[in-house]
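Structure first, then comments.
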Amino acid sequence: MSENPGTNLYLPFMATIQEVVRETQNIKTFRVTLNDPEQMRNFRFAPGQVGQLSVFGVGESTFVINSPPTRMEYLQFSVMRVGELTTRLHKLRKGDQIGVRAPLGNSFPFEDMKGKNVVFVGGGIGMAPLRTLLLYMLDNRTDYGDITLLYGARSPSDMAFSYELPDWLARKDMSTVLTVDNGTPDWAHKVGLIPNVLKEMNPSPENSVAVTCGPPIMIKFTIQALHALGFQDEQIITTLEKRMKCGVGICGRCNIGSKYVCQDGPVFTYAQLRELPNEL
Amino acid sequence: MSVLEGKELRIIGFLCNWCSYGGADTAGVGRFTQPTDLRIIKLPCTGRINPLFVVRAFLNGADGVLVSGCHPRDCHYTAGNFYARRRLEVLRSLLPVMGIEPARFEYTWVSASEGQRWRTVVQKFTEQIHGLGPIPAFKSGTCLEACLGTAI
Amino acid sequence: MNIGVFVCHCGSNIAGTVDTVAVAKAALAYPEVVFATDTMYACSEPGQAGIIEAVQKYELDGVVVASCTPRMHEATFRRTVERAGLNRYMFEMANIREHVSWIGKDKDANTNKAAELVHIAVEKLRRNTELTAGEFTINKRVMVIGGGVAGIQAALDCADGGLEVVLVEREPSIGGKMSKLDKTFPTVDCSSCILGPRMVDIAQNPNITLYTLSEVESVDGFVGNFDVKVRRKAAYVDWTLCTGCGECAAKCPSKKTPDRFNEFIGKTTAINIPFPQAIPKKASINAAACLMLTKGKCGACVKACPAGAIQFKQEDEIVTEQVGAVIVATGYDLFDFTQYGEYGGGRYPDVITSMQYERLLSASGPTEGHIKRPSDGKEPKDIVFIQCVGSRDKSIGRPYCSGFCCMYTAKQTILTKDHLPESQSYVFYMDIRSPGKGYDEFIRRAMEEYGARYIRGRVSAIQPKNGRYLIKGVNTLMGDQVEIEADLVVLAVGAEAAKGAPQLAEKLRISYDTYGFYMEGHPKLKPVETNTAGIYLAGSCQGPKDIPSSVAQGGAAASKVLGLFSKDKLASDPQVSSVSLQRCIGCAKCQSVCPFGAIEMTQFRGMTKASVIATVCQGCGNCTSACPQGAIQLSHFTDNQILAEVHALCPY
Amino acid sequence: MGAARCIKKDALLTWLEEVGKSRLVLAPRAQGKSTAFLPFDPAKGISLSGLATSSPKQALIPRHEALLEFRYTKTDQVPAQTGLAVRELIPNQPTLVFGARPCDARGFTVLDRVYDAGAKRDVYYCARRDKTIVATVACTEPADTCFCNRVGGGPGDSAGSDILVTELDQLYVLEAVTQRGEAFLLEQKLPDATELADKAQAARAAVRAAMPEGDSLLGAPDKVGALFDEMPFWDGVAAKCLSCGACSYLCPTCYCFNITDESKGGQGVRVRTWDNCMSFQFTLEGSGHNPRATKSQRMRNRVGHKFCYYPTLHDGALSCVGCGRCIAHCPVSMDIRRIVSKALTYEKAAKEHSNV
Amino acid sequence: MGSQLEDLKTAIRQALPDLDVVIAWAAGPDGLAHTPLFITSESDVDLVQWDPRCSQNLAGYLPGLRGKKVGIVAKGCDARSITELLQEKLIDREQLTVFGLHCQGALDPEKIAAMADCGRYVRSAEINGGELKIVSSKGACAISLENGLLAKCFRCTGADAQPCDQFIGEHGAPPVLKDAPATTLDRLEAMSMEERFQFWEEQMGQCIRCYACRSACPLCVCQDHCAAQSREPHWVDQTDHPREKLMFQAMHALHTAGRCTECGECERACPVGLPIMTMKQALNRQIKALFDYEAGLDSEKTPPLFQFRENEEHIKERKW
């Protein structure tokens, strides 16, 4: 059995799926706990760190832990069905056993962000990594300035975390804007592409940090929009989705030059990214 | 679970859904007693049989592989068996080069009405395989064994 | 994934030689199986209820039933799992009856084998995906190929059902073989009297477009959306102008043109209307016999034609028709009687085929209904009929019975007696085949009331003798040699597949048997369907048939089309191939082996990729076998599914 | 270290056989047309002429290595509750690698920096490394593809070795390089050869001196790094590359790997296997995106890793030891020396074409 | 051959302005084998070499360069690969300029190194009057070219490149060679089935799974998407077991059945020297016998496994 996860870099914690939430047609959220209560109690991570989920017999894949470290009843991962492993993960249900190698990689600079206004811009499944930081900040609300969330998806039915959105919309201590590319008659929020809606919202760069994650094309135009709004490269933070295997900087897949996304990332400021060789 | 040790050998049949699978059904309906070694994998058409399935079966330890489909011109999909015939005939020459006795592999055509013929095919082929005995095994053992025993 | 396994006893059919309890227990050990049980009759109402209950209680995602062949109850159980709230494709069957319990005696071996068959079903099911049928619109027009009685019936029934019909006929007129017959058995009513009005209906029905002298050139598309190109052969007469007056034929100097309609018994003119009741009643020119078209001089018909319809420059024309279904009713052809040298067919003028005899009997035939010997025009007295000429004879590749020859021969002996009361008919036969309603009585009448002499035995030789013919044969009932002198010999030629039938089958992508007759979808349960969706069969193209059966099939095919068209959209079978755009390199190997033209090469971000037209794909998987990198996969028969089955059976 | 022992050439096989009783001995042996480090078999001998086709890295990173074994379990009582047992498979095999060359041994140091990096230790690698004695045979004649002296090594270097073996006429002199080597050597019943140490050193120095000097490639990191965005250069050098893995798999320092689960029913192993950065599928992401989709990008990463990224992370040490296997066995005779030399002299402005 | 080389250079120089790249050979790192040369500028042309050391088949690069105007220098056997690629529409004829050569055989560097016992210690090597003169640390020696040829040269059926846009030099017949080396196929035929199986287990035990055989194969057009490394479909697992490697070789053989021209690149590329063309040769023999077909001779034909006849003249089906 799992004699010593942690000392063996490749040995996952054994974990049990406690709950499966169907978010959208192709996204499911898994809430898992480590089987050993001791391990679960001692588990520490920071918002933005990722984990490797194992379905034994299929393999491993990387997902961000999207529950915040302030809520440790379970670890939450949201999975979009794209390949072999995610397809098999989607077939799992409550009570099934998986492996978790976590935490891996770096985290959002949540300490440095204290006292600042934070603008979250999330697209599609890219909302998952933002969720961990957002909830962390809401749980430490007084440490941070204004919190603004812009969350977009292709259509209303593609919005993950729909059960949390009413709460976010209702909260007085954050402002939330939702948008979709293609609306439906009963859609009460914005219709439009994220960068355009962002420009409309016109957040001030003053004492602010923008955190964005989503499909590459959305990130590209969101960064352009943020630049247009006056955000500097250092004020823009994103997290990279890269194919990782070992997660510990050895196997040689995820490097960008001499940086390993699985160790030096996945969180980078745009300023850092610009320093990296152009091989995203 | 595997074939009954000592009694049976591992024989895999790839049968097309429309003719030969039906032929095997007809043999069953007619209560035509057959040897029990054969395990049938149903495919839509012999055109679906990639010869590599046969190779994979042998390398995994099958002692015999039988492919059966519709008679030429009776293919449900008009031409699948014509392609299959060429592919399998070519495969036939590969097996002996690999060290697999060519008689371990046969292909034939049995229609849905030919229950009697199906019985004959199964009987003769099973006898043929029993005549050859078990297929040679890899000295390095099974894949799992090799993995677990990574000594070097 | 949660899988439930149900092992059926089928009473004692399975449980007698398979330990079903042990199979269920073994199944529990297979991956992802969370529930397994044996059940008395899985297909029974309580059996199905048990499956539904277990699906709900154990939150099953998929079900394996180990019972009879899937050909028996796969559809039943798919509905069951659907009722339980699962996708109907999350179901697999293990055939442990036909393939195990009924063929093996050793209970241990059977039990073990049954468990392994369950194992491969489980491994396959684990890799199944939920599939939903797509929908596509259908073009509610139907094409009928062949204007014989079966095609006419099908066309009229479809048109009456409100469908637009395109009827394509190879000959200049519809009517087919039936239009050549004098009378029909067993009622001895006039063939053209019953067929004629039907032919007129075809001409007058506004829903029917009629192309005669036309053949199908190519067929593209799929059920609901066929594109059929029809070649309208040049008639050298503008049929929009032709009134069918017949002046042209009267003036045509080529009066020795072979008369196809009259089975070459008589002669006709190069320009002609094949027979008086022809539909359409339009003239056409036999190019091979026309002086203008062969030698470039004549033009008598041009002068004769009051409508100015003659057009020597007319060329074949290709028209494209869009239809949603096709009924094939291309009929049959007659056996070539010259193949039996001993009968002298083709050498002796008075040895003729049964169809030629029909024309002699017919009032509209070359002899205007008088039975005359072709050689000298004399009335025959003794007439010998020989049965099974080109039927039930392996040596000439015709082992099958043509079915209707016994009956028409009896009819012909009766008609002979009516025409020539002094005559005597002899019939050499092998067996009498007369299973239809009133048929056997009819044969009896021929023998008993009309005095036809039936001799059971084959004829070994026919020799001319003093202007008559000496027929040598055996009487197998009496066991002696028979010699009969006769004036006329009628060979009851059998039916064979219509000329060009295989070529048409290939255009339509339907199967045909060794003899060229088309294959029905199922010999019992799908008599007028083919295995190509949207293509139906009627009449003798599927195998020799008499008129009532052909008409019945015409009606049945029409009702199938009407049933198909009763929906506005068709569901496509979702078990089709699909392409992984990531893996496809656009080499088109799949396209080259697809028997259905279901794969097209498309452009995707500047790269060539294969793409499956789901509605055309029939799910044979030939493409998957041809793709080296496995980019195109047939769903539910993917490489990984078959490999998983192989791995389950051959563990290593 | 001090201990030195010697062994007569004709006694070598007997000694290896003796060692083989207590530990696995991996030594180069010709098989077919190639030479590889294989379990020593006295009947089949060893092949010490020149460089083995494959490097001895497989002693520490096997071509395939089961990391974990897993097994799904079910009980008859509650079949719906599937249990899962996972077991680590930590190697525990004392090994002697005999007949590595100095470049090969230097390769182990390249691997050590990655796999045994302080707090981040790869237990599988380290378990093997800790139990493995590397006995390196100093080279006597560099081949035409050798360039260890241009990348910081030499034909008689001892880096990465536990024991250095020097050929002297009819003798092999075995000198301990590490404590582990010392301990091992002291256990052996071999004659002392302390007095031959100087002679051995002289022999090694002579070989080193006779080796043709080439331009040093130690300055490559800056230059290769600066060429990152110079695509024409990479397109040029990569044009003839086939994207196969021959170079990576024969290389003593290439350590990239893949991890896959291979299972049979409810039981299986998580296996680590060699992987190849020149393969398209190496970096292919689930979404279909590939950060190194072209051969040129992959070549840039391969050369970049050996001559720039690795040195950046590890105090300038190149991850190329100059064994020349990639040159000798490349199906299209690519020559990494020429690529790096070209990089060193490449002038962007000159638009020099980069055919090498 | 000097003038032939000059003619080749001239032809390339003339065609280069209209082409994006010309693929030829240049001197390799050692004197025993030349290496591919991608010519994009006039100065590259000076590097071109043409002699029996031009062993590599350059046709394999063509599918990867689709969309560009490419010139290629080809020997007779190389051109058969080009024909096959044209046949499968994997390259476009109008984008391609073939500089065809007459070849009297290409050298096998492994064989020569063994014959000269020069290992990897070659100082210099040059071709002179039917001999390869080698100077190595072991001394100097001369190897007759005829003795050092690749195995495929002994089976050569066409020494002149066809198709060809510009033929360089004189047309001629294949080299007349004696004493063809025994093929592995011949050796296998003398073995029992069990021995053959063991033979492959031993051979595959040496395979390092580098896939050089595949990468060098001009007809392995899947390359980046090879089924050997995919899990969907999962034909072979990633372990080092000989079974999996043998499975891959069977896959390579069957995927190239009726397409393989026996150019020998798979064996030439194999860094550990495995006889992996053997299975392909066996299939070719069968295909010749069954369908009277040889790959690479006619770009208008369809490979035999992508077509059929209703009545197969040479297929004798078993009657049960």
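When the chains are written out, they are named A, B, C, D and E in that same order, and each has its own residue count from 1.
Simple rule for what comes next: a residue touches a chain if its C-beta (ideal position, glycine included) is under 8 Å from a C-beta of that chain, and two chains touch if they have at least 3 such contacts.
Keep in mind it's a predicted model, so treat the numbers as computed, not measured.
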The chains touching both chain A and chain E are C, D
Identify the chains in contact with chain C as well as chain D, in label order.
A, B, E
The larger set of C-beta contacts, choosing between D-E and A-C, lies at D-E
Which chain's mean C-alpha position is the greatest distance from chain C's?
D
Chain occupying the most central position, where position means C-alpha average:
B
Would you kindly tell me how far, in whole Å, the mean C-alpha position of chain C lies from that of chain B?
33
So what's the Cα centroid distance for chain B and chain E, whole Å?
35
What whole-Å value do you get for the distance between chain C and chain E if each is reduced to the mean of its CA atoms?
52
Using mean C-alpha positions as chain centres, tell me how far chain A is from chain D in Å, no decimals.
38
Junction residues of chain C, two or more chains touched
2, 582, 593, 626, 639, 643, 647, 651-652
Counting only residues that touch at least 2 other chains, which ones in chain D make the list?
62, 64, 72, 80, 82, 258, 260, 262, 264, 266, 268, 271
Which parts of chain E, given as residue numbers and ranges, touch two or more other chains?
223, 225-226, 230-232, 235, 237, 239-240, 243, 305
Residue numbers on chain A that touch chain D, as the complex places them
1-3, 7-12, 14, 54, 56-61, 82-83, 85-86, 95-97, 99, 216, 241-243, 245-246, 248-253, 255-258, 277-280
Flag every residue of chain D that touches chain C in the complex, lowest number first.
72, 74, 76, 79-80, 82, 264-266, 288
Residue ranges of chain D in contact with chain E within the complex:
31-34, 36, 49-51, 53-54, 62-64, 141, 143-145, 236, 239-240, 242-246, 248-250, 258, 260, 262, 271, 273-274, 276, 279-281, 295, 324, 327-329, 331-335, 337-338, 353, 355
Help me check something: in the complex, which residues belonging to chain E touch chain C?
88-90, 221-223, 225-227, 230, 232-235, 243, 255, 302, 305-307
Contacts from chain B onto chain C in the complex sit at residues 1-4, 7-8, 10, 12, 18, 21-22, 24-25, 27-29, 31-36, 39-45, 47-50, 53, 56-57, 59-62, 73-80, 83, 87, 113, 119, 142-144
